[in-house]
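Below: a set of structures, written as structure tokens.
Shared between the two complexes below is subunit A, which has subunit B as its partner in the first and subunit C in the second.
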Partner chain A sequence: MKPGPLFALPVALFLLVGFAAPIVIVGWYSLIEPRSFDLTSDLTLANYRAAFTEGYGGPFYWSIFGALLTTLTCALIAWPTAKMLHARAGRGAAIITGLIAVPIFVSESVRLFGLSLFMMPGGGILAGSLKALFGVSIGTVLNTKIAVYLGLVYVHFPFMLFPLLLGVALIPRDRIDAARDLGASRWQVLREVELPLALPGLAIGALLTFVLCIGANAEAAILGGQAVTVVTRAIEQRFSYAQDWPMGAALTMLVTLVTAIVVFPVLARIDLNRLIRR
Partner chain B sequence: MRKPLQTLWLTVIVVLLYVPILSVILASLANTRYMRFPHRNWSIGAYTDAFSQHETLVLHLASLKVAALVTVFALVLATLGAMAFARYDWRGRSIYQKAIVLPIFFPQPVLGLALLLFFSALGITPSWKTAVFAHLVWILPIVTLVISIRLFGYDPAQEDAARDLGATRWQVLKEVTLPHLAPGLISGGLFAFLLSWSNLPLSIFTTGADTTLPEWLFSRVATNYAPVVSAIAVIGTLASVAFGVVVLAALWIQRRASRQSSSASASISTS
Partner chain C sequence: MIAADPQMTGTPADTQPALSLQGLSRRFGDTHALREVSLDIAEGEFFTIVGPSGSGKTTLLRILAGLDQPTTGTLLLRGKDVTGQPPNKRPTAMVFQSLALFDHRSVGQNVEFALKMRGIDAATRKARALELLDLVRLGPDYYGKAVTQCSGGERQRVALARALASDPEILFFDEPLSALDYRLRKTLEVELRSLQRRTGRTFVYITHSLEEAMVMSDRIGIMKDGQLVQVGTPSDIYDRPRDRFVARFMGEVNILQIRDEHLPELNSPLPGFADGHLILRPEALHTDGQGIGIKVTVQERFQLGSRVQLHLDTPAGLMIAEQPASCALQPGDEAQFHFDPAQAHRVTE
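Let's turn to the complex of A and B:
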């Protein structure tokens, strides 16, 4: 065998077993009789029918809506940030970039826990400090959908920023200057020069943020109280309390389907080599 | 935007990212049943409690065991995978490149649930060992990318040159390929360890009866809060920070050494 495929083999085999096979098994489970565990039984679409008729719309709606809103918010914050970081080359920018990267490696449970301590009413970090310093009493958004949204944005911002940094690096400086010299407005430069050139990075960042948010459940569990049931929570309940694996599997397949619909078209159009290679 | 405004914007972003982490540290510095900030009595009692509990050690060891194994497996497999990703140009490479990044673009908790079902179907009882497997599914593609970035800047002609000069295959690997790859391997290993150490969504569903640090924190945060929870969160995070600092220092030393040796060889060739 040639060296290329030979080197590819171990990783490819591992992911075939660890990624592709589990999805196939879940797909199989989703097609067996509700509440059964027997993979040799007759196949049925009953679980998918139930998925569309038995009130799972809510969790799907909230997860998808939350993912879209978070992606949009992160993009709006990350775009100017990426441009500023790209413009100021050198040590300062490197330090800021490093500081933004570090929290990715701090566990989600620690960071979300911290966010809940910060937002806690009464003796929370923010409320307590304001009361002690200025005598102001404030309410809290903890245990509401807003807290979940803030948590999603907080956790996923770096996943938008870093691909976007790679994207912004693809914009040649002279291209912007040329457009300006030819009389383009700021808005025109953004729309017709910067966005198209940075698109690969923006697309990867948006994709990553959206996909990670769609499955996110820790934000809702730690910050949301009972305010919202996300789709992962709904699936988990099918697997554990309800002991209805086929139903949980069908819901899992539907999330996988949504993910695939978003991921494949974007990934097919992007040249990873160009984005990674410096 | 003007420069001071830009600096303000960037400062606000960085501060906001660290506010929650700072909040945990502040909360850990009192040992009262209920959180009442600002604390009337600041104390490190929560830390002495944390260190006196056997559970603290057990949790850290569980996370360490998983992260260490994930790092070893990820480095070996990802080095091979990166060769196919970036070093060789072959038919099917672009499909391979896109296929192996798919697990990164997949919701982690959903992957965890799918793996849980998969293990059950195979009759495997979940434990920390299955968590190692689960972490690898997500971390291996990331480490492959990290090493590939380094490999893209590699000129394979160096290997041919070494071979023409009579080096054996093993010598080429040891003297040419690996030294160039070293920074990629070090940062790849760092990624693998830290991402595994801090992982919550995959661990929740795949560790079975074992419990990692993030998992334990998650369960305690959701149910019964106590200052010792904050203290253990800080200890666990500091442990990974210490690991990161050591590895980055190694990377820096390695980079300096290779710069010196290359400038030394450059001065030899010019003289």
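Let's turn to the complex of A and C:
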């Protein structure tokens, strides 16, 4: 028997209950009066207006900016790494790939607490080493925006690297030779040949990184101290301490919307089958 | 160092060669891919390098194009030392074995690529691309077509037009026709040769097919184990192969040993011939006439258009003869064949 539409039933049910229904409920909540719980009251856009003012704008923009910056940074680091791993495929490359992959299996909080030891002021690994070796005193890195940014890059780098490795593998060596032979400089080869050919991998990696970053919470909580409030934290506060579900719902909808705006156009243009060589 | 001898290269000494290879060697670890290759290629010449796979011919071509660098040796392009220069700085272009077309770009964008890299404006690029497409017999409607929609022969022409776009002084070809079917290959061989005549460019072509080389080339270099073993015009090489390797490479030949002025395999005397080997082409064996006779039994008969090829069982082992189609011999027949040793070519190696 060939798998028919019926085979999709379990996942369809799951998505209906776990994804579609909550979205509808949250969407509805986002449209009722602030600080109320009455789903039968008149609908209003007050929560959305407030989202861009009244101090909620900060976390929202910070999360988008942080996600963009992290994605860009990861891409810039992952490109040469992927090129190097692809060019030197073999035992050495396999070991490096493994070393990059293993941390994914360790709890994110544990890794971030580890990183906080590195960033701690005074006796932290970074500050302490600089002081002991070079006599340089630096202030704290921990509890700053820089710390959150470094944490985001550190945690999400593998999500950029592995899709990009697949993307880089899509560039045939002879196309680079041909471009060079036809007069392209190394920069032109990158722009005209390598990036377009590796685009599926790059896009998937960027998508994963961006989407994970915009929803990331632990980096700011563990490394950022009070320096940053990310949008997920703001949403959590609305739903818990503040008991302002409509406001939390509006912020949730906005984050979902931003994610959709980024995800759908990219997925529509990328042939996933080509990336996994089907 | 065969090519250093001007008599063998046939290059007039007073004109500057388009390419001058001076002792090019390339090592990959312990492997010697190229050993001391020296050669002058004249301006406007169609030069073909022929050799079996692994003979180093692709390595040589990549070095000429700048995609690889020689371990030792010098490469002069119109008298200028270009050793070590990257490929994008050289006035040369290459047609790759895989064609290496940019599948993510249209036919027009492929052809224009070299012009775009040189910062030429879009309108000029398009005009030039259409000219080039016309030159390789592709109509203007191909300009916007996706490369992936083109047939094998069309892709071949796109690759050629793309290589011609920058108006290169020298074009390199790395077995570009090997993947095509026989008829298309024949057509493109003729077109390539005529294109070379029309443009007056220097073409350096690589193939493992001597037949292909014979059709197109002004001169041929035979490569073996990273060395040029013989360089000459097609007829030089066909009529006077330097050794048994070249002779066998030239197609089906019969090779007879000569020792002490005898052909030991046929047990017949051969006065006046020094030790070595006698190269006998299939057409040099006749059923009538004079010369040395061989008693044969016909094993196989193959029709080759207007001629037939016979596989003969002889005291010297299997020999091959070509006869007019009117020849009546059939498998199983016994016959007497003759050849004139004075007409045959002798090699020492």
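In this text, the second predicted complex is superposed on the first by the 261 of 278 C-alpha atoms of A that agree within 3 Å, B and C clash if a C-alpha of one lies under 4 Å from a C-alpha of the other, contacts with A are read in each partner's own complex, and residues count from 1 in each chain.
Operating definition for what follows: a residue touches a chain if its C-beta (ideal position, glycine included) is under 8 Å from a C-beta of that chain, and two chains touch if they have at least 3 such contacts.
Since the model is a prediction, treat every value here as computed from it, not as a measurement.
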item: Fit-or-clash call for subunit B and subunit C when the two complexes are aligned on subunit A; value: fit
item: First (subunit B), second (subunit C), both or neither touched by A:Ala169; value: neither
item: Which of subunit B and subunit C A:Val193 touches, first, second, both or neither; value: second
item: For subunit A as apex, the angle formed with subunit B and subunit C - C-alpha centres, to the nearest 10 degrees; value: 90
item: Partner chain in contact with A:Ala249 - subunit B first, subunit C second, else both or neither; value: first
item: Subunit B versus subunit C as contact partner of A:Phe157, first or second or both or neither; value: first
item: First, second, both or neither for A:Ala227, with subunit B first and subunit C second; value: neither
item: Subunit A: partner with more touched residues, subunit B or subunit C; value: B
item: Which superposed partner A:Leu130 touches (first subunit B, second subunit C, both, neither); value: neither
item: Smallest distance from any CA atom of subunit C to any CA atom of subunit B, in Å, after fitting; value: 15
item: Interfacial residue positions of subunit A with respect to subunit C in the complex; value: 172, 174-175, 177-185, 188, 192-193, 196-197
item: Interface residues, subunit B side, partner subunit A - complex; value: 1, 6, 9-10, 13-14, 16-24, 26-27, 34-38, 77-78, 80-81, 83-85, 87-93, 96-111, 113-118, 121, 133-134, 136-137, 140-141, 144-145, 148-149, 152-153, 194-195, 197-201, 205, 213-215, 217-218, 221-222, 229-230, 233, 236-237, 240, 244
item: Residues of subunit A that touch subunit B when the two form their complex; value: 2-12, 14-15, 18-19, 21-23, 25-26, 29, 39, 77, 80-81, 84-85, 88, 96, 99-100, 103, 105-118, 120, 122-125, 127-129, 132, 154, 157-158, 207-208, 211-212, 214-218, 221-222, 232, 235-236, 239, 245, 248-249, 252, 255-256, 259, 263, 267-268, 272-273, 276-278
item: Residue ranges of subunit C touching subunit A (in the complex, touch as defined); value: 65-67, 86-88, 92-94, 96, 98, 100-102, 104, 113-114, 116-118, 162-163, 165-166
